[in-house]
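Supplied in structure tokens, the structure appears directly below.
Per-chain residue numbering starts at 1, and chain names A, B, C, D and E are given in the order in which the chains are listed.
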């Protein structure tokens, strides 16, 4: 089962620069939540605070709470490593490990905990994950080739396979389809639909059709002006968001009249 | 999904012990890494400390502004000092400067050839391999090479500063090539493509984008290369020689460099003070001069480093041409 | 918008500059071959009397170097070669792990400001001349390290490498290896640090995103990325250790001839470079030929070592 | 006088009392180079300073590369003179014909220095005491045959010392050295049964530890208890030294004691060639107070140079160096022994042979 | 005026690997031509042969002809540098020059070609190009800040500004909007529409709506199977392509029934 995330009064800083201000959002378990909004409004930034990836940037820090199933991720006694295991992430740009084969890339996360994993278990897992990412047929004959030998779209699907292979509770995706063609995109969307039975999904997307297709809830982020902090403007279930938004900015943005 | 195997994910869940183990290992490795640092610091601090403590005794203005002419035994000179390193500082700067002028342009262009033009062809593989081999040339062999070259071309017994520069440039060259090569390789291909796509010639792409982007790395690589050779002793003993007075002509006459000076003073070990000598006669003066010169050498290196860094900074500032 | 009156594919400017630049780059590439050939030919030419000269005179000279123990060239040079390699390998082993540790410390553990300072210190240390290491090693380290090596000899003496009794003063291979390790450490450190810092953030984040600890992230992303850099840094370091003259000369109590791995005892081994420096000043013409012959062997050995290392790098496929 | 335009210290004239008339000719000017023995370095520094006192426009450089390299360089014609711990070989003499304008190079002794046996032994050397050794015992120690300090062979000669059982660590030169050759030649002459090695500038056995240069030997001896080595007298510092048995007495080391053995020595008649003054050290001397282990170092010059300036310089230089004044300067600066009067006339005759016209 | 491109019997190899086979296409001057097709079918590869960027990959080579206004780009006497000056390119991943400020990035094409340009002309050019890329308002106050300090979307728009600033005759764009939000995308699309008065535009896109919106002609690339060379399946004017394609594969792809 997936887990819910509650963000309370979150401010996010890069050094002294307040990038995102006072975010409050409740992300339901086993649902797909989409983040939309104009470029630079802080979608990626907020997403990365949900598994403490944010902390990897020197000087970046967070005020407020992020509760994963009621437990604050930012409590002193919480280990960011286990947070990131439970909350998987797929990035905007494909990033397979360049020295590893396709197979090893998929297994990379699992190997961290299970040094000795039987060959057949590994084979099954690799096949499962690659099928899920709609990549199996393209690569099944060259699983031992390096992962970076693939085209951009294939690489991204490999990264998705890698992320789901560790079977996280929440999966965060930062524009996972921006480098994919429509067919791969559809396959990933199918995968997301399938995954939400078991996991909570948060996805950043620029493609509003995509948000409309797959998300149960949609969060619209905005920023007042360049240089100002971004903020969560409007949060609603997807049907409301796209059909009958109760927020003027959101409506303008969705209808493409924005800016 | 059709045909996908069913996976029992519980099998892969982390167990408490595996988590414990991983965490432990992480701590352990962090500890080792910090320890590595501490271990390395012991000799490093000791070297610096010894040099500074011993060097400070005799390091004064007099030491920096006089050479070794007219210095006899442990007696003070008329100027009140005990000889100095002016000639060695001048020699070091000139000889190293000569080596830089030879090897940095060649080294950078060779790296440009390897990274930008050769695309891993046969010749490039050979050149690259030979650069690695060259970096293994023992400094003493470089000295013998320069010595023989000059004695063949300019007659037997030729000894001058430039000969030392040639020996040093042989040692610098591979370091310069290797570090420039690494730095050029790191420049993302995207940038070359972006520039070429603007219809910029390859030469301008290389000089204005690639080299420019890699510049801080190249500068620091060249500094390391200079640092590598500025302290060479063995090859200079045979090529540049040793002289007590100041020689500013790189192309004629012997030249003393700081490392050679340090070594010569160390070899003297102590100076004689005759029975009738005054209290001003210092028998341990050669060793003291050796340490003081060693300290000067380190300071010279430090200053060069600073200059290098400043240059890197100035170049990093955007210029509106 | 300004209208352009360019015709299609108008010849572009800067073509000559392009060609000249390219020519200069090629020339500089080829110059490496020329220089190396010159070095080789010279050494060979100067060492020629060893092969083509009066063999009686050769063996006399070699006897005079070795107090009559050895009179043929190979008997003279092979033990030297053995000592050279032994010292360098020991130094590299000591330096390697410490350097990688420091490089990681600087690139991934220390706070940014501290890291900049540390990098600077390391760069500076690379610049400490070997003659100063020689002074320090010979005068400070030798007495200071004796208790440690003595302890090693007493407790680990069953291991042939550490066979005692430990010489006092410790002017031994072990001490020299420590000094050389300190000398080459900054080379490996600063090069691997530079490479580690270049590890793409994307890959580091990929590892973290899978729930990797810091060390696991380093193993997954940083080390694989830096592998070729580490190998080439180690090669440079080995090259420096093999050719180091002054520090060995000023610290080691050398043997005249013979093979030994007793690194804690004095007068067991000698290195080619320091042997040249020790013998060169008092050598006559033929003696210089013999010494250059040993230099040629050293040169060839560095060639082989670097060649092999290069092949390893290629195999690693980075 | 020349002023420190490039950091030169004003030439110190030493305490030569108005004796600038030792050289009658006009002051020498020009650039002159020499190279060779490291042992002479301290003395040469003093000589250069002294020489420049009367010839302020002479620029003189001495590169202490070592005797072998010094001679080799001299034979290429690149230097005006060479310093060497060893007399020229027949081969060198032959080669010198090509370099000298006429005649062949010759060598004259300029620097005599006793070689000390130094040791570091807790309770003895640090108490300012010295030990007595005869040639055979010393040879056995340096050959590794006597391995502890309280060996009866040593103890018997040092009845008043309480010697500990500390093992002996022999420290010798690791580089080729004239000091080594002069040192072991004493064993070869006086203890042939205990010292079977061929005479060489390289240390012949693997006993104990080797160290580079006199400075290396001294610092090694200082670093551990039980060490013994040999070094130029001027570098001994506060280490203990051995008194050597000569006749029936043990003679301590001193400059004068070293001079006495040379006084008691003959010229080496195997040294062929005109003008050569080569000393055959009489290690068997029984002269009272003589210390028999000494190093004799030579200056090598041509009887005629292609450049008369060089000839003038060589002549003036040797004249000064071998004069009482020069020897005094060397003694002050390097602790060397003065040339005995028995040699001076020979030397003067040789110097006169240098043609300056 | 833009120039037309005619590609005749073009085969493209990476070393021995035939990546794209027998492409024949006529790209009209002053029109926008879009390349669509599944991932890995060779869209980027073909695009890069149109300004000889392809040649930068060692071993890559081309058979056949690419005629720019009748002149074969691959003729012996043609200088690839001048080809690239006439045919500009915008890449999939933003690649501003890291050593340069925003301003210098825009001027790079002019400056690097050693053209002298007065300060006021330069200012005009920078403003014109940045406005065109819809970036002016965001960066006008920090033109001297480094270009890489911008967010991904901003960086890409900067790269577009840089490409158009040299006034090429043809502009090639490889998924230029895949990292942009809808507002920036719209601005870029407007820009493309504006540019086509003067230039010929070729654009690779995964976004079929985008192709439909902006392209006059659309080329559909396909590949028979993984490992097989890609090929041009169908080429038509955009209205035909999206409303009444005469090619079954194309129809399946466009309607999303593909795969």
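General remarks:
Going forward, a contact is a pair of C-beta atoms (placed from the backbone, for glycine too) under 8 Å apart; a residue touches a chain by one contact, two chains touch by 3 or more.
Which chain is which protein? Per UniProt: A, E = Phosphate ABC transporter ATP-binding protein; B = Phosphate transport system permease protein PstA; C = Phosphate transport system permease protein.
Values in this document were obtained by computation on a predicted structure and should not be read as measured data.
Common neighbours of chain B and chain D, by the contact definition above: C. Graph distance from chain A to chain B, where chains that touch are one step apart, equals 1. Chains joined by the most contact pairs: B-C. Chain A and chain D have Cα centroids separated by 84 Å. Rounded to a whole number, the gap between the C-alpha centres of chain B and chain C is 14 angstrom. Here the spacing of chain C and chain E, counted between their Cα centres, is 49 Å. For chain C, residues touching at least two other chains, in rising order: 12-15, 18, 139, 213, 216, 249-250, 280. Residue positions of chain D with contacts to 2 or more other chains are 38, 65, 219. Shared interface positions of chain A, i.e. residues touching 2 or more other chains, are given as 81-82, 85, 93, 112, 166.
By the touch criterion given at the top, residues 12-15, 17-18, 20-22, 24-33, 35-36, 38-39, 42-43, 46, 97-102, 104-105, 109, 118, 120-121, 123-136, 139-141, 178-179, 182, 185, 187, 189-191, 194-195, 198, 213-216, 218, 229, 232, 235-236, 238-240, 242-246, 249-250, 272-273, 276-277, 280, 292, 295, 298-299, 302-303, 305-307, 309-310 of chain C touch chain B in their complex. Only residues 1, 3-7, 9, 11-15, 18-19, 22-23, 26 of chain B touch chain A when the two sit together in their complex.
Chain E meets chain A in the complex at residues 37-40, 92-93, 137-138, 151-154, 175, 178-186, 206-208, 226, 253, 256, 258-259.
By the touch criterion given at the top, residues 38, 65-69, 72, 169, 174-178, 197-198, 200-212, 216, 219-220, 223-227 of chain D touch chain C in their complex.
Residues 22-23, 25-26, 29-30, 32-37, 39-40, 43-44, 46-47, 50-51, 105-107, 109-110, 112-114, 116-118, 123-124, 126-127, 129-142, 144-145, 148-149, 170, 173, 175, 177-179, 182, 186, 199, 201-204, 206-207, 217, 220, 223-224, 226-228, 230-234, 237-238, 258-259, 262-263, 266, 290-291, 294, 297-298, 301-302, 305 of chain B are the ones touching chain C in the complex.
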